[in-house]
C-alpha cells in the first residue's frame, strides 16, 4: 500500500522557468510556475522557497515577487555556488523543483499596517524586500509614507533597476534613494555606502525600518538608525542562514531556541538580541 | 553548464563500417548539455573542421566532443580547430571510436553500443573541462651535446652554424669517438680519419662551440628551455690553454707501461699522453694512476721538459655550471664484452680479437703501424676466420648477448674481409654468418664484391668452438647450406661483437629524466614520427645511443637532432603543457607526500598566511607547483590524501565522470 | 608494573611549569568513573594536583593534539608512551607541528586498559577497576569483584604491542624499552588464511555496523588533512552516512589506504570505535603487506623517513605476486 | 534506496562491464596499435586515458565498482619505461596494496589487475583484455563491491 | 490485567510475537563484540538482558539514512517519484524506559506541524514492549530527567525476575497484541511486580550519578550558560566526531543530500551532527566557527533550547550511551556537573 496519501513537506513539486532576466552580471531573476502554468503555492511577503535541481542541490531563496502577483513567482538569485551556477546556466523551459512556502513573513497586515515604512537594502538584499515593497504598492492605501534606500557596488549591480526606475520612482508617495559605492560614468545619483547615506538622509523615527543586505551593511545601518533615535523594536531584518529542511527539524539553522527557517527568517532586532550571539 | 557539440566522424568506412555513426550522434543528443550533434565523413578534413567552426558559432558551443580516431592522432588537430572557432583548445575531448572501437569490434550493434558509451564518457568529461592556458617560459639559447663522437660533433656543428652557442661534453680527453678508431669506412672504403678529423678541427675552431673534454655531466636540473647542468671536468694536470700539443712530454715520460686505451690496450703509451695525433683538443693528459709524480711525488720529468710550462700537478677537478635550452644525448656505443663467450676462446688466445681491435691492427696509426700481424707472435696470419653475430640476435644467450641485430657488423666484416684479401691476397678469409644483411645504398654491391671479386669464403653457419692449439686456432663450425661440419685451422679469429649503449647512458638518462628501453638505448618520443626526440621535452637523441647505426645514419640523425634543437632555440619563449598539477592551498596541509613522488622536483613548499573565518590569520606550509617544471604525470595527485593536489585536464572529478559514464 | 607514577609525572610537570620552561601540560584528567579519563590541557600545578591522573586508563594518544597546542604561545609539555612517540615522529615527518614548541617526556608503558575492554569484562554495573600487581581488579555493582590477570586482559592493541621503546623525547622518565615482537600480524595472517568467501563474510559483518561517526578518522594521528575527502563536496567521494554497503567498504578502504605507510599502528581507531569494529586489522594488513613486500618499515620509528607508498624500488614485486602471497 | 527495479531477464548472457585505465604513452598507444592491427577483444572493455598509470587514484577504482563495473584493469608502461620515469613504480606499489586489501576484504582477486603494456604490444593488449574479460565473466556480476542504488 | 510467563517460556512467547509482526529485540553479538544489538527475531534467538543496546531504539523510527524522494532527469524535464510506502506493523521488544522516553522527545520534533510522514508512518506502526531495568548501570541517570525505570511506559511494559516475565499492556495496541498470544500468558495481579519495582528504585538511588541535578538548566538559563567560560576547557579535547550524536536516542539533526545513481537522483536524508565543522557551513560563512561553539550548541540544545520550546522537557534521557562511547570520555554528565558548580572564577570573564 502506498503511503503517498500522507502529505510530505520534503517532497517538492515541479516548477518551470518561464522567463529568465539578467539583472546584474551575477544576478538573474527567474520566473517560475508549475508545468500547468500556475503558481506553485500561495505565499506571504518575506517567505522563502526551496529550489532545487536534482543531483545538484537544494537551497532556500526568498520569493521576490509579491503575493499579489497571481500568475507566477519570481526569484532573484545571485551566483555564488554550485546550485546557483546551475540555475544561472539554465535556459527558459528548464524544469526545477520547488517546495514551500517557508518561514514567517513580514508583518505586513499587522505591525506594518498603517505605518510609514523605510526599506533599506544593499545589493542582492533587495530581493526579499521587493516582495514587501510590491505588496505595499499594491495595497498602497493601507500604509503611510514609503522610503526606499537602495545601494550597491555599482550601477550595474543594482538589482531590478528597470522596475525601480520605471515603476517605483514614478509612484506617488514612494521615495526611492539610490546610491552606489564608487563614482561611475553615467551615474549622476548619490555615491556612498548605504549606512552613511541613511545617516545623511536623516529619517524621522516615525516609521518602521526594514533592512536587508550583507551582514556588515546591516550592522552599520542598524547603528545608524539607532543613532537617529530608532529603537530596535521598530526595525526588522531577514536573515540568511543555511537551511536544509525548511521546516524546523533538521537542526541546521538552529540558533538558541529559534529555527531561522521556521521562526524566521524575518526578525525584529530586539528579538535577535534575545538569541545567543551566533550570527553576524 | 556547458553547451556541447558532438561530432561523429565516419573516417570513410573505417568507423562507419562497424559503428552506426548516425545512431551515435542521435544518442549524444539526449545527453544533458549537448545542444548540437552530427556526423560527417571526415571530421579532420578542412570541410569537417569548418563544420565544427560553424557549429561553434551557430550554437554558441563551449565544449566539443569529437568521436573519431585516437586522440594520439588528431587531438592536436581538433584543439587547433577549437582555437580557430574561438573556444579554448582544452575544451575538446576525443572519443576514440576507431582504434578502440570500430577496428576491434566486428559487428555493428556491438560497435555502436560501445561508441555511444565512449561518446557519453567524453561528454561527461567535457562538462567538467575548464579552459586552460599554457604557461610561458624563456628559452636559454645554448645547447649541450653530451658525447663528442661523430654524432655529437655533427650535431654541434649544425647547431653552431645556425648561430647558437653549443657545448660538447666528452668523457675522453679528445673528441672523435669510435669513428676515430676506425681505419676505413664502408661502402666507399675511404679513410675514416680523413673525413672525421677535419670535422673535429671545424668543431674546435667554431667560435660557437666549446669543447669540454675529459668531463662528465653530474647533475641536470630544470626543464625544457631552462636546463641547469653541472659538469665535472676532470683534472688532466695539464693546462689546456697553455699546452701546445708538441708531444715532447709524451716522449720523455719515464713511465712507459700504460695500456693504450685508444688502441684497445694492444700497446702502451706513457703516463702523460695525447690519445692520438689528431686529437682535439690536442692537449696532453696525465694518467694519475700511473704518473709517478702524482702517485708518490717523485719524477716531474714532464714539467721539466715542457717549454710552455703547461704541467700542473696540483690541478683539480673543475665544476662547470651552465644553463642550456636543449640537451642532446650522443653517448654512442661500445662493443659488448666477448669474454663471456667461452666457445670463442677470446680470453684464452690473443689471436682471437674483436672487429674493433682488428680495425686498430689494420690502421696505419695502430699498434702495428697498419701491418696485419697476429697479436700473439707478430706473424702474418694466413687464415682468418670472421665470426658474425657474436652476441647479436641472440635471444637465448641472456646475460651475455643481445636480442637485437647490431646492424653494422655485416658491412664492416665485408669491409675487413675485402681489405685483407686486397692487401694480402695469400690469406684465406672465411666469414661465418647467420644472415648477411645489406640494406643500404651500395651495400649489397659492396658485399657481392667481397664474395665475387675478392673471393671471401662466406659460409652460412655458426662457429661452434674455437680451440687454441699449437699456435693455431682450431675452428669448428657448421656449414648449414652444405650440411657439414667444418674444421679450419685459423691464424686469427675476428669476432663481430654486438654493440651496446655506452655504460654512461643509464645514469645520464636518469639525470635527464629521459626514458630508456630494456637494452639501455634511449627511447625516442615516437619510433617513426619523432625519432630524434626523447619523450622528455628538450632532450634530443643523436647517434647510436638511440639504437645501432652506421656512420651515414648517425650523421643524418645528428643533423636531424640539430635541426630540432635549432627549432627549439629559435623560440624566445616556450608554451608549456597546461595539463599540470595544481595544489589547492586551502586544503593542502604541507605533508610533503607529493614532493616525495614528483620525478621533476616541481613541487616546493611555502609558508603562507591564511585568513581564517574568525578573522585571525594562520601561517601554514603549503605545496606549490612550478607549472613549467611539472610534466603532468599525476603521481602527486594520488599521493595527496586530502585531494588538494589535482591535475588540470585530468582532474579527479573528470576521471570519475568518465568512470560513471562508462559504468552506467 | 608502572614504574613511573602519577607523582613522578606531577613533580616533573610542576617543576617545568614553575620554571617557565613550559606553559601548558597535555595530560589526562580524571572523570566520573575510573575509566573515563579525558585528555586535557593543564596550565598550573594546582590544576594538575586537583585533576591530573595517570593510571591504567591513561591510554589516549596525545600526539595529534600537538597540532592545535603548538599553534598557541609558549611551549607545551607532552607525555609520550612508546606508541605515542611513533605518532609524534610521524607528525614531525609530515611537518605538522613545530618541534621547538614541545617538551616531550617519554614514559614507559606496559599496556593500558580502556573503557570498552573493561566493560566487556564486566558488562553490568561496573564501578571501578584498578591494577594490583599482575592483576586487574574490577569492582561491580551487582556481581562483586573480579580479579583477572592484567596482561592477558589488555585490549588488543596492547596485547599486540609493537614497541616498548619511546622513539622521541626530550627527557625519558623510567627505563626505556625495546621494540618487541608480540605477533601483531597473527590476526591478519589468520584472516588471510581464510577463504575469500569467509573473509568477505567476516568484513561484511564487521563493517556493516559502522555508523560513520568518524571517530576513527578524527582520533587518528595520521589523519590530519585540512579537510578530509569525505567531508569535501568537491572530492566526488564525500559521504556523510552510509547509505549502501558499498559506502562502508569504500570509506574504510580509502581511510586505511590514505594512512598506509604512515599509520603507526597506535590502535586508537579500534579503541574509539563505538561499534567495536577491529579497524586496526585493516591498517595492519597494509603494514604487513608493506613489510613483506618492500622491507620492514615502521612509520614514525625514525623522523624524516620516506613512507613506502611514496617510495619504490625497481625490483618491487608485481601486484599479482603480492596478491598471491596474501591469499595462501 | 533503489531507484528502479528493472526486470533482469534470467537467461540473458552476462556481459561484464570492465574499465581499463591506460596510460597515454604506452598502454593507450598499445590499445591503438591493437586497433591498427585489427586485433579484436571484447567490447565490454572501455578505456579511460590517463597521462600515467600513477594518475589512477584508488578512489577511481572503487568508484568504477560502485557504478557497476565488474572488473577494473590498469595498464601502464613496463617498469623502467615510464614516460615520467618513475610513475609506474608508484602505481605498482599502490595497486599491489589496494588490490591486496580488496582481496583481504573478500573481493575476488580476478576482478582487479595491473598489466604492463608497451606501445609496441598491441597483441599483448588484445590478449590481455581478452583474458581479463573472460576471467571477469566467469566470476559473474560484481556483488561484493556494488552499490545497489546504482544498479538499474 | 497483568500477565506473565515463566522465563523458560519466553522464547515461545517471542516466537508467537514474531508471528504477529516482525519482532526486533536486543540480542548479544556474535564474534568479538558481544554487546547487545537490536536484531530481527528468528527462532532460537536469545533475548539479551543487557541494559543498553549499542545503538538506541531511535533507529527504528528515524533510521540513519532514508530515501525521501527520487527524480529522473531527462533533458529539461524532471520526473518526481515518491518512494514512500506505508510501513508494516513491527514490534520492538525490550526497550528501556529511557529509550522509550526518547520517542517523546523525537515526537515533538517530527510530529509537530508539518508532520514528518516518514517518521509518522513508522511510529504509527511500531508496537513497543518496554522492559524495566533490574540492573541499572553506573552510567544511568534517567531519574535526573524524571524517568522512572521501574515504571517504563510503552504499549506493553515488561518486568523480568529470575523466574518470570511480566507483561502489562498500557495501550489498546498493546492489549491487542497480548490478546493474540492467547494462553501463552497467564493472568496475574499487578502487585506481583511491586517488589521488583522497589528493588529497581532502591538500586537507582544507589547509583553514582543519582545525585545529578537539572537545576542549573532549562529554557530560562540561556544567558547564564551561554557565556560560561568553562565551555572552553570542556570542549578542548573534543575530536569533533559524531559518536555521541549517533548513539544518542534523542539527537535528531539531519542532512538532506542528493545521490546521482547514474540513471536517476535519490534524495535521501541522513543523520548529521552539530559537532561536525561542516554542519552549519554556508556559502557566506560559518555561524559556529570553533569547536567550542559547536560543542556548546549540542549541550545548550539539549539542556536549554529544547526545554525552552517543549515545556521544560530536556532532550536527554540519561541512557548513558555517550558516557560509554565518547573516544575522549567527555559527556553530558561532566558538562552538567561542571556547569552546575558555582565556579569561583565565573565572574572573572
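Going by the order they are written in, the chains are A, B, C, D and E; count residues from 1 in each one.
Criterion: a residue touches a chain if its C-beta (ideal position, glycine included) is under 8 Å from a C-beta of that chain, and two chains touch if they have at least 3 such contacts.
Please read all numbers here as calculations on a predicted model, not as lab measurements.
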item: Chain D reached from chain C - shortest hop count over touching chains; value: 1
item: Chains contacting each of chain C and chain E, listed by label; value: B, D
item: Centrality ranking, top chain (CA atoms only); value: D
item: B-C against A-E, pair bridged by the larger set of C-beta contacts; value: A-E
item: Chain separated most widely from chain A, comparing mean CA positions; value: B
item: Centroid spacing, where centroids are CA-atom means, of chain A and chain C in whole angstrom; value: 51
item: Length of the line joining the C-alpha centres of chain B and chain D, rounded to whole Å; value: 33
item: Geometric centre distance via CA averages, chain B-chain A, whole Å; value: 68
item: Contacts with 2+ other chains: residues of chain E; value: 65, 73, 255, 259-260, 262-263, 266, 268, 272, 285
item: Junction residues of chain A, two or more chains touched; value: none
item: Junction residues of chain B - those touching two or more other chains; value: 597, 639, 652, 656, 660, 663-664
item: Touching pairs among all chains present in the structure; value: A-B, A-E, B-C, B-D, B-E, C-D, C-E, D-E
item: In the complex with chain A, residue positions of chain E that touch it; value: 68-69, 71, 73, 76-78, 80, 82, 84-87, 109-110, 112, 114-118, 120-121, 219, 222, 226, 252-256, 258, 260, 265, 267, 269, 272, 274, 279-285, 287-288, 293, 297, 300-301, 304-306, 308-309
item: List of chain E residues in touch with chain D within their complex; value: 65, 67, 70, 81, 259, 261-264, 266, 268
item: Sites on chain C touched by chain B in the complex; value: 71, 93-96, 224-229, 232, 234-236, 258-259, 306-307, 309-311
item: Chain B to chain A touching residues, read off their complex; value: 1
item: Contacting residues of chain C [partner chain E, same complex]; value: 31-33, 35-41, 60, 65, 115-116, 119-120, 123-127, 141-142, 205-206, 209, 211-215, 217-219, 231, 240-243, 268, 271-272, 274-278
